[in-house]
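Dropping the structures in below, format is C-alpha cells.
Paired with subunit B in one complex and with subunit C in the other, subunit A is shared by the two complexes that follow.
Moving on to the complex of A and B:
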C-alpha cells in the first residue's frame, strides 16, 4: 500500500508492521467486519418480521394458519442450529432453482436429480453461471441472511407469542368494551403494549445472534473468524512476503475485543430502549418511572 | 416462414445456452500450500491456481476461482454452485462414487508422519489429520487414535502443543513446515495413499471432464506439467 512496502524483507519494526497490516489480505479482513455488521443490520429486522408473523399466526383462530405458526416455531426451535445451517443453504438454493426451472424451462426432458447431481437448465441457475463473482457473493450473503432470519425468527416468534399473552387481559377486555374489532384490538392495544414484555427475551436473542455470525463461513461467506484464522496461521516464507509464526492468538484477541465492545454498546442501547418502552406501562418499571417524575 | 422463426429461436436458444456454459467456476479450499492458498493480496494462489489457469487457456474456457470450505466442497459441487473441484483432492473409490475425476495431474504420492520427537508410537498413539481426507481414513484403520481438524493448519498446531503425537498429511505439504521448524521432523516410513490428485466434476458433466482430460494430457505430453510440479514442489513428476 505504501511506497516503501515494495521489498518487505528489508523492513523491520513498525514500518514492517504498517506494511503487513495493509496487505490486500488484511483489507479483506477489515472488510469482513463490515460484512458482519451489515448481516446483523439486515438479519435483526428480518428475523423480527419472521417472528412477528410466526407469533401472529400461532395466535390465529383459523386452524391451518395456527398450525403453520406453531409448526414453524416448534420445528425450527427443535432442530440443532448447525444442522440447519449446513443443510438449509443448499436446500434453499436448490428450492429456488427448482421453482425457476419449472417456470423457465417447461420443455426440459431430463431429470433434475441425476444420481447425486442436481441439474437444472442454465436459465434457471441462480445466479446465472456466467454472472460476475460479486453477484455470486451477494447471492450467498442473501441466503445467509434468509437462513439466519428463519432460524432466529422462530425463537423471536416464541418470545413475541409469550409477550402477547403477558399483556394484561383487562386491557383487551376494555378495548372490546369500547367496541373495537379483534383486528383493532390487536394492532392498537396488544402490539404497542407487548414490546416491554418481549424486550428482555429479544435482547437475549440479539446477543446470541451477534455471537452466531462465525457460522457464516459454513454458509460460504468469509467472515471475521475465517480471516482471523487464515491470517493468524503460520505464514511460511515460501508463500508470503510477510512470514510469521502462529499468531492466531493475537488475531482472536482482536476479535474478542471487537465482540466484547459490540456487546457493551448493545447493552447500552437496549437499556435506553427499555426505558423508553417502559414509559406509561402498567408494569413495576413503568410505575417507578411515574413516581420518579411525580 | 414459421419454421424459419422456430429454427432461429432454437438457434438463439442454443447460442445463449453455450454462452451460459462459457464461464467455468473452479472451486478450491485456499488453505493448503503449496497446492492452493491465499496470497498476500487476498487472491487464490499456488500450484493449482497456475495449473487451473493454464488448463483453462488450453481448453479455451473462461474460468473463475471460488473459495469453499473443505467440509462442504463436494455437496456444493453436486448442487451446482461451481463446476470443478481443484483442491489437492486425491482420487479415491469412495469419492468416485459421488463425483467424477479427470485423469490425475500429479502422480500418486506418499503421505508422511511429522512429529516433535523420533520415538512416537505411530500405531498406538494419537495422530492428527484433516477431517474427510485419505489420511484420516488411514489413521482410523491403523489402530492409532485419530483426532480430526477442519483445516490443515490446526493439525500442525495440535502436534506443536502436544495434543497429538504426530500428524499425517501429504509429504509435499509437510516438507516446507519441517524445513522451517527445527522441532518438527519426519518419522516412520512414508505411506503411499490414493491414485494421485485430479479435478473433481459432477458425474453428469462428461463433456467438461473430457475437455479437461485432454488439456491435462497435452500438458503431460509437452512436459509443462512436470515443470510446474517442480516449480511448486508438490510431488514427484510423471
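Moving on to the complex of A and C:
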C-alpha cells in the first residue's frame, strides 16, 4: 500500500502495523464488512416481504392458505434458528437442483439419492461445473440471503400478525359499514394503520438481525468471522512477510466492538424514528411529547 | 444390529460412554435418533446450569442498574450493554481465543478452553445480562402502592426486598423470563460451532445432526429429528415454568390468573 512497505522485515512499531493492516488480505477483511452490510440491506426488505405474505396468509379465510401462514409462523418457534440456517442452505440447494433436474433431464432413469450421494444430471447443477469462481460465490451468497429471509420472514410475520390484530376493531367495522369489501378493508384501512403498532417489534427484529449476521460464516460465505480466524491465526515467517503470534483474540475483540457500535447507532436512529412516528399520535408517547412542548 | 443395541452403544456417546467410533455408513434412523438425543444432554447441561446461575446474577444486575450509587449503576449498565449488544456467536469466539491466550500464561485456564466450562461461562454471563434487563424492567413497573404499603407496615431494607419487591418483580417478569429461558436453550446449540472443540466427537444435538447431514448429504432426516427434540424440550420447559408461574400467582383470584403464553422472541 505505502511505498515504504516494500521490505517489511526492516520495519517496526507503527509503520510495521500500518503496512500489516493494509495488505491485500486485510483489504478483503475490510470488504467483508461490506458483505455484512449488503446482507442486511437485502435481507431486511426481503424478510419484511416474506413476513407480510405470512401474516396476510394467516388472516386468510381459505383454510389451506390460513393453515400455511400459521404453520410458517409457528414452525420457527420452538426450534433453534441456527438449525434452520444449517438446514435451509442444503435443502434449498438440493431443491433448486432437483427442480431443474425434473425440467432439464426428463429421461434420466437413475435414482437421485444413491446411498450417501445426491446426483442430478450435469445440466441441472447449480451453478454449472465450469462456471467462474465469482458465480459460485454469488450463488452461495444468494442462498444465504434467501435462508435469512425465510427465517426472519417468519419472525416478521409474527410481529405483523400481532400488529394487524392490534388495529382497533372499530376501524374495520366502520370500513365494512361503508360497504368496503374485505380486500379493500385490508389494503386501505388495516395495512396503513398497522405500522405504528408493528414498529417496536420490527425495530427489535432489526437488532436481532444485526446480531444474526455472523451466522453467515456457518453458511459458507467468506464473511468477517472467516477472515478474522484466517488473519488472526499464527502467521509463520516462512509463508508470510508479516509473521505474528496467535492474534485471533484481538481480531474478535475488533468484531465485538464493531457490533457494539453498530447496535448503538441503530438504537439511536430507531429512537429518533419512533419519536417522529409518535408525534401527534393519540398514545401516551404522543401525549408526553405534546406536554413537553407546551 | 437391533435398535436396542444401538441405544446401548450410543445413548450416552456424547458423554464418552459406549461405542468409541461414530457410525460411518448405512445410517439407520435409529442411530440418528439415538445420537442426536444423546447430544441433547449437553444442551440440557448448558441450559440448566447457565439459567440457574444466571438467575442470581441477573437479580443482582437488575438491582444494580436501579441503584443510586453511580459506579454500581454504570457497571451494571455496561455489563448488560456489552452482552446484549453483541452477537453471542462472536462472544463465544472471543472468549475461546481469550482463554487460549490466557492458557499460555497459567495452566489454571486449561479447563476454560474446553466447552463444558468455557462455553458455560459465556452462556451464564449472556443469560444474566438478558434476564437482568428483563428484571430491571419489572423492578421499574412494580406498583407504587405495593411499596408504600410495605413502608406503612414498617418493612425496610432487606426484608422489604425479600418479601415484597422481589416476589412482585418475579411475578411481573415471569412471562418474559420464560421466553428468555427457552431462548437460552436454543442458543446452546451454537457452542460447538464456535471454536470450542467437541473433544473425541462428544458434541451436542446440533453437532450430531450436522454430522449426519454432512455424511449423508441429506438434511431432510437429521434436522427434523433435532427439531422434534427441541419442540419437546420447549414444551417441558413451558410446563415447568408454568408450574412456577402458578405458585408465584397463587394468592390471586382464579379469574385474574393468566396462563403463561409462549411468545417467541428471537435470536440473540
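Worth a mention:
We adopt the following convention: the second predicted complex is superposed on the first by the 278 of 294 C-alpha atoms of A that agree within 3 Å, B and C clash if a C-alpha of one lies under 4 Å from a C-alpha of the other, contacts with A are read in each partner's own complex, and residues count from 1 in each chain.
Everything that follows uses one rule, which is that a residue touches a chain if its C-beta (ideal position, glycine included) is under 8 Å from a C-beta of that chain, and two chains touch if they have at least 3 such contacts.
Because the structure is predicted, anything quoted here is derived from the model rather than measured.
Overlay on subunit A: subunit B and subunit C clash in the combined arrangement.
When the two complexes are overlaid on their common chain A, residue A:102 makes contact with neither subunit B nor subunit C. In the superposition on chain A, A:246 makes contact with both subunit B and subunit C.
Of the two partner chains, subunit B is the only one touched by A:122; subunit C is not. In the superposition on chain A, A:86 contacts both subunit B and subunit C. In the superposed model, A:222 lies in contact with subunit B only, and not with subunit C. Once chain A of one complex is fitted onto chain A of the other, the partner contacts of A:264 are limited to subunit C, with no touch recorded for subunit B.
Shared-chain residue A:230: touches subunit B; no touch with subunit C. Counting contacts as defined above, subunit A residues 86, 90, 94, 115-118, 217-218, 229, 246, 248 meet subunit B in one complex and subunit C in the other.
Residues of subunit A that touch subunit C in their complex: 76-83, 86-87, 90-91, 94, 113, 115-118, 155, 158, 204-205, 208, 210-215, 217-218, 225, 228-229, 232, 246, 248-249, 252-253, 255-256, 259-260, 263-264.
Listed in rising order, the residues of subunit A touching subunit B in the complex are 23-25, 27-28, 86, 90, 93-94, 97, 114-120, 122-123, 125, 128-130, 133, 136, 217-218, 220, 222, 229-230, 233-234, 236-242, 246, 248.
Residues of subunit B touching subunit A in their complex: 16-17, 19-23, 25, 30-31, 33-34, 37-43, 45-46, 62, 64, 66-69, 72, 75-76, 78-81, 83, 98-99, 151, 153, 156-157, 160, 176-177, 180, 202-204. Contact residues on subunit C toward subunit A in their complex (touch as defined above): 25, 81-82, 85-91, 93-94, 97-98, 100-101, 182, 186-187, 189-190, 193, 206, 209-210, 213, 215-220, 223, 226-227, 230-231, 234-235, 262, 264-268.
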